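Chain lettering (A, B, C and D) follows the sequence in which the chains are written, and residue indices restart at 1 in each chain.
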Amino acid sequence: MLGLGILKGFMETGRNFCGSYYDPERLTTVQYPEERLEPQANARTIPFLIYDGSDPIGGLRCTACTICEQECPAHCIEIVKDTAKKPDYLGKMQLHPKVFDIDTAVCMECGICAEVCPFDSIKMDQVFERAGSHRRLTLHKDDLSKSNEYYNKIHPAEAAAVDAARAEEQKKAQARKAAAAVPATP
Amino acid sequence: MNAPPPPLAPTGRSQTAGDLLEVSMGPHHPSTHGVFRMNVVLDGETVVKLTPVFGYLHRNHEKIAEKNSYLGSIPYTDRLDYICSMTNNWAYVLSVEKLAGIAVPERAEYIRVIVGEMTRLFNHACLAGFLLQDMGALGTPLMYAFREREKILDLFEALSGSRMMCNYMRFGGCRCDLPEGWPEKAARIGAGFESFLDEFEALLTGNEILRARSEGVGVLPRELAVNAGVTGPGLRASGVNYDIRKVDKYGIYDRFKFRVPLGERGDVFDRYMVRILEMRESLMILNQALHDLPDGAIIDPKVRLRNLRPKAGEAYGRIESPKGELGFYLISDGGPIPYRYRVRPPSLINLTVLEDMCMGHTIADVVIILGSIDIVLGEVDR
Amino acid sequence: MQTLEQIKDRIAAALPGARLAVIANASPAGQPSLLLDHEHALEAARFLRDAPELRFDYASNATGVDWPERTVKERVKVKKMIDGVEKETEELAERKIPGCLEAVYHLYSMELGHGPLIIRLRTGNRTDRVTLPSLTPVWRSCEFQEREIFDLFGIVFEGHPDLRRILMWDGFEDHPMRKDYAPAASGEAKA
Amino acid sequence: MKTLDQIFVLTQHWLTGLAPAALQPLVSMLLIIAALMAVFGTCFALTTILERKTLGRMQNRYGPNRVGPFGLLQPAADGIKMLTKEDIVPEAADKALHFLAPLALTAPVWLAFAVLPFGRNMSAIELDAGILFFFAIGSASELAVFMAGWSSQNKYSLLGAMRAIAQMISYEVPLVLASVPVLMAAGSLSLPEIVRAQSGYALGWIPRWNVLTPWGAAGFGVFLVAAAAESNRCPFDLPEGESELIAGFLTEYSGFKYALFFLGEYLGLFAVTGLGVTLFLGGWHAPASWLEWLPSWGWFGAKFSALIFLFIWMRATLPRLRLDQLLNFAWKFLVPLALIDLVAAAAWLKSGGWQFAWALETRWLLCATLLAPAYVCLGRHWRGGTPKPRRYHYAQ
C-alpha cells in the first residue's frame, strides 16, 4: 500500500505517452478519410449480383432459383421470376429474375446467400461507405448488378477459382454438345 | 392508442421512504454495459436491495431460430454475445453436430481452438479494461486492450470476412480455410499479446487503488456459486475447479497442456486475476495449436449445410465460452428447422447472484461487481 | 456416472411411489431424459443433488418446450387372435398426443464432474393445468430461467420466490415461445 | 532582461498613466482583472484541448486534431456547441438555485487569483494574510456544488452533492495542514513573502525551494493529493463519478451552465496549482542561477504547466477510490502525515542553526526518521491492515 504499484502504473502510461511520438505500435489510430486500411480479400459487406459481358441486366448470372431468398436468415431478399427463359453460359435455358430486391436495412451481411448460390451469381461486396442523400435502403436489380471484372478486383483468389470452374464446365458442356451433335449429323 | 401518459412519478427526495433512497440505475447508465437496469434501494450509499430488470434488448432470438434453417441461425448466434462471435458459433455448431452426428475434420478442430482461444484472450483483456473504466480510470487500460483486440479482429476479418460478426463455423467444420500466412501472423500476434499482458499487469495488478477497490468486494461464496449455476472465470475465482474444456474435453482440448487457475476468495480482484492468468494459459493453448496445426480438409464434404434434417431427437451441447458455460439445446422433429432452439446464456445466469454480491456494498461497488461478472446484454436479453 | 436406468432405480428406491419414466432420445447425441411426476419432483431433485454418488449440484440449463396437441400416424404392433392363435401384426393407427408444456433441466455435477442428467416435467395441458413445482429451492440457477419459462411459455412454477415476467414487459399477455403464438393477437398492440 | 521580466508590470503602469489621475486606481484594478481573466480564460481553453490530446497520447490515439491546426481550435468549437445547446432545467428543479449554482462556483474562483504572485512584482494585491484569503475563497465552491446537487432534484445529483460535501470538507484539512510548515518556514502569511523566502541557493546550487527539504517534499505530496481532491480531479472525481453517478451533481446541467461548471472546476484547479507552485516549488524563482535571465513569469508558467501535466497524467492512470476509502485516506493517512510533517518541519527549522560538520546530513536524517516510518506505518494501516498477498493455484 505504499504507492509502488501506482508509480509503476505512471511509468506505464508515461511510456505510452512518449512512445506515441515515435512508435507506431503505440499510436494505432488510422485517420480514416485520409488514411485507409488495406481491404482484406475476404471482407464482406452487402451482396451484389454478377453479370457477364457488358449488359448489366441481360448478363446477370442469376437464374431466379430463389435458394438465397429461402436461405437468407433475415429474409431480406425478394425475387420475382421472369416468365421468359434465356440460355445461360452453358447453353441451358434458365429463368431470370424480373425483380431482385435486397432490403439493406434488414440485411446483416452474413454472406449465406453467396455461400448457398449454386450459380456463383450472388457475391459479397466490399463497399462500406454507403451513406447518401437519399433514403432508399432497398436495392434493386440494377443497383446490385456489378461486373465479373469488379468481382475479380475485390476478391481475386476466390473469383479466379470461380472463373476457372466455370470455364471448365463450359468446356465440358461444349464437349457434350459436340458429342451430342456428332451422332445427330450422320 | 393515445392514452393519456401516466402521471409523472415524483422525483428526487419526495420518493424516498424513510431513510431509503430508491435509484434506478439504467437502462441509460454509463456502466451497465448496455441497456440493463438495476433498481437499487440505498441506505446512504449502501445497497440494501437490488432488483435487476431485463429485457430491453429482447428480440426473441430463440423464436427467430425456430423459424430459420439450421444454417440460417449461425449468423444470429454471432449477435448473442457480440464480443465473442466465434465461441457462439462454436457452441451452436457443436450442438448441431451432436444432434445430427456430424464428424469434424481435424484441421477444422484446430482452427476452432485457435479462434476460440483468441476470442477468450481479447474478451478477458477488454473486461479487465472495462473494470478499470468502471472504477473511473478513463479507460486507459481499455484502450490498450482494444489496441490488442484490433489486431486479433484484423485476423478474424482476414479469415472470415467480418471483424465481429464472423459467421465462420459450420456444422462439420469451418466455412473457409486459413488465408496465406495467417498462422504466422497469428503466432506473431500471440507473442505480442504476451508482452502486452506484462504491461497491462504493470498498470493494473499492483495498483493500490485497484486493490483497495476490488479486494473483499463482491465476494461470491463457493457453495452459492455452484448452486446458482455461476460458470466461467467467476466460478473459478471462487475456487471451484470446473472448466468445461477440461470436464467435457470437447473438440480436441484433451490434446493441449494447460492449467486452470483458481481463486481463493471469490471477490472482484480474484475474478480479475483469474482472467489474467487464464489469458496466459490461453496463450499456451494458442501456441500449441498453431504449432500442431495439421493439413487437410476444412469441412466434412458429406455434410449438408443447406436443408440439414437431423433425425428426430434432442441434444444439448456446451462449451466454455469466455463468459461461462454457453450451451445450445436443440430438439429436432426431423424437419429442416429446429423444433426447439434454446440458448443457455451464461451472462444471464451469472447475474442470478448479483444481488447477493452487492448487498451491503456501496453504489460504487455495484458498478465494478457488475463489471466483474462480465455480461453482454445481447446474450442476457437475447 | 451411473446410467439413467440406475439413477431411476435409485430415485424409485429413495422415493417410493414416485412415477418415473425414461424418455429415449433417437438422436446420435444419446442423451435420454428422465420424466418426473409433479408430487415427487422437488424431492427427487433434492435427492439428485444430495445423494453422495450422484451429487448433481449444478443445474446448468432449464428451459421449456411447447408440445401442441398433435396426431401421429404410427405402426403399432397389435396382438390379435387370428384363427384362435395369438399373432402379432402391425397396424397403422392414428394416435392423438395431447398437448402439454414441458420443463427440461440439464443437470451436471461439478463435484464429480459427470453429467448431463436431463430431467423433464410435464404439465397436464397447455391451458389451465400449467402448474409445475419450481426447482429453484434446490438450484438457485433456475431462478431466472424458470422466470423466463413462465414468461415465454406460460408454465406457472409453484414455490418460485419471485415469479414475474423477465424478458417481456409486465403488461404483456401472451407467451411468445408457444408454437401457436400470433404476434398480432398479443398484448403488443394494447400496451 | 529586466524589461522582459517586468513587461506586464510596466505595460500596466503605462496604460494606467494614460487615464486621468482620479480614475487611475480603478483603471489599474480593471487592467489587472482583465489580464487575469484573459490569461486564465485562454489557459482554460488550452488546457481542455491539451488535456484531451495528452490523454489521447497516453491511450495510443491522437485526441482531437480536426478543428484548426493540430486541433487547437477545438475549444472554440466546443464553446460554440455549448452556447447553442438547449438549456434544460428539470421541471421539478428549484429554478433559482439551479440557475445560481454555476455562478456561485465560477465567481469566487476568480477571486483566488488575486493573491497569487505570478512573477516578480506580479500579484494583483499583496494581502498580508493572502493564504487565508485563498483558503476562505476556495471553500466557497462546496456551497456551489451542493446548490447544484440539491436544486436539480435528481437522485444522482443528490448523491453527488453529498459526496462532494464530505470529500471537500475532509480534504480541506490536509490541504491547510500541508501548507502550515511553509508558513512556519517563511514566517508570513503573505504569498509574495513566501516566495521571497524561497529565493537563493543552498550550497550555491540547490535552490531553496520548500519541496527540496524533507518536510517540504512530504508536504508537497500531501498537498498534491489534497489539491486533486479539492478540485475534484481524477482520482478524486467522486462527486461527478461518471461511471457510478452518471455525472453526479452535473447530471441535470446542460449547455452553457454546464460549461460554466467546467470552467469553474478548471479555474479551481489552476488556482490550487498556482498555490502549490508558490508554496513548494519556489514560486517564480528559476531553478538555477544561470537560468535567471528567463523572465520570472515564465518560470511560474513552466512549473504551473508541469503540475497541470502531472494532474492530467494522474487522470490517465489512476482509478478512483470509493467514498469511504477516500475519507479514510484523508483522515487516517493524510491528516496524520501532515501533522507529523509539521513536527518534522519544526525540527528542521529549529536545527537550522547547527554548525557542526555533518549538520545538513543529520538534519535530513532527523526528518527522515520522523517521516519515513510514519509514511510506511500509515500507508500500511489506513485501510485497517495490509491485505495478505494472494496466491493462485492451478488445477491441471
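Note that contacts are C-beta pairs under 8 Å (C-beta built on N, C-alpha and C of every residue); 3 or more make two chains touch, one makes a residue touch a chain.
This is a predicted model, so every value here is computed, not measured.
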Between A-B and B-D, more C-beta pairs in contact link B-D
Per mean C-alpha coordinates, the chain lying farthest from chain A is D
When centres are defined as mean Cα positions, the distance from chain B to chain D in whole Å is 43
In whole angstrom, the CA-centroid distance of chain A from chain B equals 30
Whole-Å distance, C-alpha centre of chain A to that of chain D, is 58
Expected list for chain C, residues touching two or more other chains, is none
The positions of chain D in contact with two or more other chains are 58-61, 316-318, 383
Note: chain B residues in touch with at least two other chains are 140, 144, 147, 203, 207, 209-212
Which chains touch? The pairs are A-B, A-D, B-C, B-D
The residues of chain B that touch chain D in their complex are 8, 11-13, 21-23, 29-31, 42, 45, 132-140, 143-144, 147, 203, 207, 209-213, 215-216, 241, 243, 246, 259-265, 269-270, 273-274, 277, 362-367
Counting only contacts in the complex, chain C reaches chain B at residues 25-29, 31, 33, 57-61, 63, 65-66, 104, 106, 110, 113, 116, 118, 139-145, 152, 165-169, 176-177, 181
Per the touch rule, the chain A residues reaching chain B in their complex are 1-6, 8-9, 11-13, 15-16, 28, 40-44, 67, 71-73, 108-112, 115-116, 124
In the complex, chain B touches chain C at residues 54-55, 58, 60, 62-63, 98-101, 224, 226-231, 240, 242, 247, 310-318, 325, 327, 329, 331-332, 340, 342, 344, 348-349, 351-353, 381-382
Counting only contacts in the complex, chain D reaches chain B at residues 55, 58-61, 90-92, 152-156, 158-159, 162-163, 234-235, 237-238, 241-246, 315-325, 383, 387, 390-396
